Structure formats: structure tokens, C-alpha cells
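Naming follows writing order (A, B, C and D), and every chain is counted from residue 1.
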């Protein structure tokens, strides 16, 4: 059973939260262009899942993938810079917030087409059948992605070839502005797994340890040749679908009550119950994180914008 | 419980068989161009299913859809003519064997893209929610079509809106030359239905009465607002996937043994057990059918080829 | 007839919304569906108020574009008049079979015994920071697909009129909006007679160069033409409006006068619809041409997210002006 | 090195097969998958013997084109060199997102930190009786998609060489075969060095008209050129071979000599890649052109199944000859 310390979980989750909060400010100030999609409230999923992975493994996410990148160890500076449209070591500003990747972290990337990361992640898993790497491929998808044809095809594909693939379904109850409950006739969503003959499981996605446990089991199964499995992690968005979303579609009080259940609140509650110095330690972590964030922002700002005349590079080898 | 007489079943199924056997001859003689896909051995499915339908209902099939067209009452002459590339009242030779339709029979058509008929049939069912017709939409798909993204999307779509749709899955064990058993990890295929929250059922597709019963139940449910259901009809192809298929991929003896289980053999066996004049009556039906077929071929041959200069008509209104 | 007072000045997105209200009121057989279009009123607000007013004829869908378009087709074949929204033109790719192999064929293959009176509304093009998966301009693909009608409204008036024309049509029509145009205001006369489909429009007259363009590049081209005028270059700007049916006659007539042709679109140059216009010009207007035909479009690269790179890639008044100057530069030839 | 004796004369489909054998032998990281390609040896036999020889590196897939292409991409990003078969070009439509929004972007968006060395083989075009869903020629779509390489081999030699070039490439390449070419025989030299990608080829020299074409229309064009020769019209035929990278220089040089241009493809005329060739000609070769540029292709209709209608729609030596005559007819101009 995973049992990271309260501080470790708080630090890992808090880092992502602080990063994205800062992103929203930077967006507000015009330093980050375009729409951004925060995983605010969902961070425990990426944090727990990535703890169950090894360096050799492959990670694929969605546009809501900053948390995955950070949990995977992609430097904050690079992420800020990429999102700012600067010449970052990730994608040189070409990918931006919703499509970034990091080859040096086995991070195959975000994907801003719903469901499209799944076939790609299945392909990464396929590669493992031949390269002797023993690598597992993990992919995060949203609840809404289950309705995409490509996702379906890839799930069956992975099952047929017994691919070392772990599907993490981040069920945050909404697909953009539409409740998933109105768009499927099944509950839980993980029951869909049986349609492919793969195990499916629903867990508390706001508990990093629970996520780590479930994903570790799935990863081990995959690594040992047992094939794919689907882990549905229940969670809630604390913010809008994207940076400009006023969330009028959410019932009154929903977001407020989600704040009572979100990972950081929970950890603070546990801290409160544990010992009375713990909360102070968490406060110190917050301060530490904000220093980390500020220095990453500063570093990112020191990176230049893409050099003029380079926009046609790298279309082909 | 459906209980068509042996003669009625034999006549209905035999008509399709005789039609397609004749098609193969015409193809051999060069009178039918292109590839054709026979439903030889699967006829009881279309026959039983169409008996459960009313004129107002909508029917969508695959390229293996001649049986559906015939069971739906589309004139043989028109079908022969269409397949010959003549100016038939169906599609004027433009659709040919794998893509024909008949607006006057609520036959939305065959479809030669695997799985693509399902969204379309869901749309026909959607129309019924608004037009007061009470019409049900029925669609035939193959076992392989379950692996197509569009089929998946449509199944969920139909479930979400409780559409009056009946999906008949003709499981003939193969998708072209590849056994379906190697391309999914579930058994029976009808278990996939639960992934959409719809009922699924597996039946003997070589028994027209059993098909009629199952489809009638599904149609009634759909008509009364109970939503879609999936009926998997187990069957076997007596011939190749298409007219030019040498079937080397089928294990020795498989086709021969399928002939023992196919609908017409079964009906003859039942006839033998019933009374000793029954077999003679079936022989007379065979003769009657071959006369019907020959006169349809003759009539079809009397239809002209499409008039020169008309190929650009009907692209737009 | 709608009871609201008729505003004379509407934003593009409001014009779309007004056309949808008109359609659902005018055609009892019309339906509107797509992702987030009903209860939330649409990701860009194009469908605001429709669900309140028309109830179950307006509904939200799963994220299943192939099912959306396929269902639109099936419903259209059975007497409905569906209007579907695909959130970004890029997402049409997941439903391409339904467009190419199903919708486009329906009338032709059945000799008109089945028809597909449906409208696919989408918006396309780049916006600052939009990534390569949200920035395509692929009108050329659909214009290469017989059986479809293709319109790209460049202003609020056309957003209203062309959408109404599309919905009224008995053929499948794709309307490509541009999200950067959504906030733009312009005059719209509501509830007039529905226009016939087609027709290019001369939006600025001039005698030196014919500039053919559509969608958002119309306004960029007009700006460029204004700048060119300051240099004494008289540019005639043609808003093509519909790629299908294509009204080449307006282009030909203009070329007869100017002898010079520049084509401008946001799409990648190679294989863009500009090639088709150039090809028609060099067939039908060859003897009128006094100089090489130039195309302005995005170079052949995916669209990068960084605005600094986007500026380099997306055509603007500057690049258009350059092309105007080049095509008129006798010394070059 | 393969041990079989090297046949000098191969059918097109055998040439494809030989290239695949070569590739699986040459690149241990290569994989081949697609529908019915392993145990059954492929619907057209292109993959015969591969599974026997290379075992699990060659496998059959479900009917899931999006998964096939997506999985090829993911595997390619992780060091494999996948070669996938899509049975008909028409079926690419169900996997379009994976091609357009995924495969084509991979290198660009990551500045080359991820690459996608994969090959998509398909075959396209009409055959007698083939329906509208099995008859598309859509090379223009993919050529409008930066990041992809596009080849259309017209003969057994190129079926072998271009496929090897594609597989050896570090970029995603789409190879469009034509099933009517599969039975055609021609000389193929096996196991030579892999050719660089690109390069148009003059397959017949002539001084009156430049005829640019590709795929199956190369042989039709050569027949037409032969008929034209009998009338004293000297036609230079250019087999474009690759649409990307596009070798326009051969076309330009030929045009400089002939001053007349006809472009021939099986695809629908409007929006076909012929438009791109015409557009380049009227930009880069304007002063060399002596007459309007003509395009020969299918008219803008879906392809009907009836052979009687197909004859009316699919370009052949007759329609090509007519265009040659028209373009050379001084009285017309």
C-alpha cells in the first residue's frame, strides 16, 4: 500500500496547483496566449500515477496535462516557457499549453483532440512488445473521451494484443460544459472496460496514494504481460473547463463543495488531525513552492521567443 | 412465438439464395461488374428480421445486404438491374451491388464502409422521435464492425437518446479473412451491449423464427420508447467474403460442415421429419423460385444501361 | 416571424445565432445538435437561447463527431433538416468518413431518391496561441468533394444570410466560420427572403489587380488594398463567399479588367483552394493575364502555437500588400 | 540480402511485396500490420509470405483504421518503423484525425524531438464496378497536409523503389498504389541502393506539349501521347511520382521547351492536385506559357458503379488526346 507522507503528497500536488495558479495569472496578464486547461483539483491523479512509473515508461496525456508533465519531472521553467510561446527546450513554443511533450521524459505529449492520445499510447505499448524495454505505456483520458471512436478502437486494439497499457480515466464529471452522466447510460464508467475484456476499476482520484496503488497494480500487470487495464479516478474540477469558462452550467454550490473534497484541503485536514505542527509545515511548503514557481517564471522569462525565420524548420527530416 | 411454416421459410430464404447464386453466375459471365458479397448461409437473419418490421420502419444494411433488400420486398428485377450496372429504378446503376438502396421500401441502403451504417441508422431512429411516425430503425452490421469507431459512437448515441433502434449483428465468425475470435477478447459479442447500457442477446441466426422472435421483441421495445437493443445472430458464410475469395484461410471441412447447419439444409431436414410429401413441396418451391429468378433476370436485361451524358446528374438538387 | 426588434448592427456570432433562431422557427423539421450547444448555449455562444425556445429539437451530444454527422444524415434522409455544430474544423477529421463517403454521396448514388438536406456549421482557422490541432483551414478538402456545398461567410451579414441559405438548401452544406470574426460587428437585415446559394461579391473595386479571397482574409485584404491605394495601386477585392457553387464569372470579369491576379487565403498554400482559382484563371482567362498569378497563404507548415511564430506564418495585410506590389511590378517580369 | 534469384520482370503487386520483404529484413525495428495482411497475406496479396518469414512483426488487426494509424505513430515515436496497410484509400477517412492532427504534426510541433518514421500504404482509384465508397482518388488532400510525404508509383519499378524510399525515410510517408496497376508487369532491379525521395521523371520526350501526370494515368497518358504522335503532336510526358516533395523543376524545364501544359489525374478536377501544378505553372512559368493550361480529371461527381457511367467519368487516352489537341489548337486561342 502506498503511503507517501502528507508532506510529500502536499508538495507534489501543491506544486502543480501553484504552477497552474501562476499560469492563470500569466494568462490574465497576457504572458500566456490562447486557452489553457487546468487540472486544478485533479492533481492527485497524475501525482499518484507517475509515482507508480519508471523512467523507461511512456506517458500520454490530454490538453489538461500540465500535471502529468510536472509529475513526470518536466522542469517548470520549460513548461512556463512553452506556454508563454517562448523557445522552450520542450517544443520551442510550437505546442503551447495543450499539446506539449518532452522526449527526454518519455512524455509523448498532451493531445488536444479528445480521445486521440489513446491509439498513440497503444502504439507506444506495442513498441514494448518488440524492443525488450519492458516499458509500460500509460495514458490519461477524460470521461468524455470514452465517446470517441478512436478511443474505442484503441481500447480493443490494446486488449487484443495484450499490450502493456494502463488507461487512467480522469472522471471529473464534465466534458467541457456537459455532465458525463447525461452522455452515457452506464455507471461507473470503468464498467466499459469489460467490453474489451480488460479489468476496470473505479477509485478515489483525489487520493494520491489510492491512485498510486491502483496504477501500480495495473502497471505491474502490464509489465508482466497481463495486458491493459483501465483505472477510473473520480475527481472534480475546481475551475472552468478552460481559462475563459464562466461555469454557469455548474449547479450553485457545486464548486464550493468540491473545495471541501479536493486533495489539498484533504491533506490539510489530515494534517490537522495528525499533529499540530504539521499544518505549519504545510504552510512552509506553500512558501517554498511559491519561491520555486517564481524562480521558474523568472527563468522562463529569460528565454527568448522563437527566432524569426525558424517557423518552417522541422516540417521534415 | 414466431412459427412460419417450413414452406414459407424455405421460400423466403431460398429466394435470396437463388438470387445470389444467379448473381454469381452473372458475375462469372461478366454481366455483373465489380466484387459482390453474398449472404449465402446468412439469409435467415434478414428474412426473420424483416418479418418483424412494418412498412414504416427503416432498414440499413452492409455491402452484404442483398438478402435484406429482398426480404424487405425490393423487386428482384430492380436488384439484378442495379447490380448489372443498368438504369435500375433503385439507383440507376450508380450504387451497384454493395451500396444499393430503395427509397420506396424504407431501405436506406447498403454501405460499403464497415460500421458506417450505424450512425446513419441511429439518425433514422432519431427522426422518429420527432415525426410521430412510430417508425423503428433496424441496422445490420457484421462482427468486424464492432471494432470501428463510428459504430461505437453510434451505439452510445442511440443509448443516450433512447432511440428506437435495433442492431442486428450478423456474426459469421469472420471479418473478411480474419476470424473475429482473434480480434476481440469478449464472448459472446452481444456482451458489448452492456457497455452502452442496452440489452444484448445472442441467438441462432440460421433459424428465421428465432430471429423473428428476438427482433420482434427488440422492435416492440424500441417502438414503445424502451430504446435500442442489440441482437447477435450467429451464422456462417457458405461462400467467400466476396466473389473472388478462395477461402484458403478457412480450416479444412469448415465450409462443408457449415452446409449441414445452414438454414435451407435445416429446413429440408425438418421437412423430412415432418411428412414425406413436404420434401417434394420444397423441391417444387425450388423450381418455382428458379422460374421467378429467370424472369427477373430477363426483365432486368431488358432495362437499358444508363443513358450517356447522365453521369453528372443528381450531384446537387 | 421573430418578435424581437430587428437590430441593424450585429456581431458575427449574433448573426449566426439569429439565423439559427430563424431556421428552427421556419422549419418545423429542423433539429440542432452538437457538443455543448443546448444547455450551455454553445462553446462560442452561437446557439444561445435555442434550447430554451425550441426544447428537444435542440440537444447536446456526446463527443462523437462521426455519430453526430452520421445521425444528421440518417435523420435528413428520413425527413428532418438537421443543423449540426462541429466545434472546430479540425475535429471534422474524426468524422471524415461520414462526410466524404456518406453525406456527399447520398443524392448522387440514389439518383436523388434519397437526399441529405443538412447543414454542418463549424469554425476554423488560427487564433493567437491556438495549437496545430486547432488551427487548420481545410476548405480545399471539402471543395474537392462533389456533393457538398461549401460557404465561408466573411462578415455578419453573410454569417446570417449564407447560413440561412445553407439550411434552406436541399443539399448538404458546410459553413465554415472563423472564430476571430465572431466579435466583429456589421449590419444585418433580419428576416428578408432567403438568398439563392452562390455568388461572389466585389467588395472593393479597382482596375489594377484582382484580389480573390474569402473568410477572414477578406478584411485583411481590404486593409491591404487600402494601403496599396496609398501607393496608387488600384485593387479590386473579390469575396468568393462560396467555394461550391463556385462563381468564377465574377473573377473572370474582374481579371478581364485588371489582368493581374492575387489569391489570398489563410490555408497552407500548397493544395489550398487558391490553386483552383489560379488553375481556372490560367485556363479561362489566359489571354487576359498580364503577369504571373500569385498566391498568398500560410507556408506549408503546421500552425505553431507561439504567436511569434504565428505572425510569421499567417498571412496578413503586410504579406498581401507585398504580393500586390510584386504582381504589379513590371520590372520583375 | 534475399536469397531468391532476382527476377527482372515483376508484377506491380510483386514489386510491393518484394519491397516489404526487403524492409522487414533490412530494418529489425520495422513492423507491418493491417487488416488481413498477415495470415491471409493481404487482400491483394501485397504482404504474402511476410508473416511466415517475420513472424510476430507482421500481424493482422481489427477493422480499426484509427487505431492502426495511431498505433503506428506511437510505435514510431518509440523507436519502431511501422508499415501499415489501409485496404482502400477511401478508408483513410475513418482515420483522418490520426493522419492530419497526429502523424503530420509530430516532428514539427516537437521541433524534431519526436519523429514519426512510418509508412502508410494504400491503394486508391476506381475499378470497373467499384462504388463511390471504393473509388476515391484523394492524393490532393494529403498533399495539402504539411508534414506528410506523398508518393504515387506508376509502375512496378517505382512500386518497389518508392516504397523502399518511403520506409527508409525518417518522415511519415503515404504511398498510394492503384489496384488496376497490380497485375501490370515491368522490370525491377532488386536490392540496389535506396533512392533519395522525390524526383519527377520524363517518361516520354516531346517538344509540343508537356503532359504532367502520375499513378495509373501515366500509362493512359503515354497511350494518348502515342496516338497524338500519329497526328504529329509531340508530347512530353512527366511522371510526377512524388507530390511531396514536389519536383516542379522538371515540369518547368519541360514547359520552357513546349509552352503548352496539360495535367492529367484520375481525381475529380476541382481541387485536385492538378490545380496546384497549374497554379505553379502560372506563377513560375508564366512567360513560357503559350496557351491556356488544361486539366483532365474526373468531372466533379462521385464515382458511379456502373461501368457505362464510369467510362464517362474516368479520364482515358481519349479524353487526354482531346485535351492535347485542344491545347495545341492555335485557332482556338
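Rule of thumb we're sticking to: a contact is a pair of C-beta atoms (placed from the backbone, for glycine too) under 8 Å apart; a residue touches a chain by one contact, two chains touch by 3 or more.
It should be emphasised that the depicted structure is a prediction, and the values quoted were computed from it without experimental measurement.
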Longest centre-to-centre distance from chain C, chain (CA-based): B
Approximate Å spacing (C-alpha centroids) for the pair chain A, chain B: 46
Approximate Å spacing (C-alpha centroids) for the pair chain B, chain C: 41
Length of the line joining the C-alpha centres of chain A and chain C, rounded to whole Å: 36
Chain C-chain D separation of Cα centroids, rounded to whole Å: 30
Set of chain A residues in contact with two or more other chains: 92, 94-95, 99, 111, 113, 116, 147-150, 153, 156, 160, 182-184, 315
Of all residues in chain D, the ones touching two or more other chains: 61-62, 64, 66, 90-91, 93-94, 97, 101, 105, 108-109, 131-133, 146-147, 300-302, 304
Chain-level touch network, classified as line, ring, star, complete or other: complete
Chain C residues touching chain B - in the complex, by the definition given at the top: 29, 31, 56-57, 59, 61-62, 64-80, 82, 94, 97-98, 101-102, 105, 107-115, 146-147, 149, 169-171, 245
Residues of chain A that touch chain B when the two form their complex: 146-153, 156, 159-160, 182-186, 191-192, 194-198
Chain C-touching residues of chain A, taken from the complex the two chains share: 32-35, 85-86, 92-99, 111-116, 144-145, 147-150, 175-178, 182-184, 248-249, 305-306, 308-312, 315
Interfacial residue positions of chain C with respect to chain A in the complex: 35-36, 39-40, 43, 60-64, 66, 90-91, 93-94, 127-134, 299-302, 304-309, 312-313
Residues of chain C defined as touching chain D within the complex: 66, 90-91, 93-94, 96-97, 99-101, 104-105, 108-109, 131-133, 136, 138, 140-141, 143-147, 244, 246, 267-268, 270-276, 278-279, 281-284, 286-287, 289, 291-295, 300-302, 304, 333
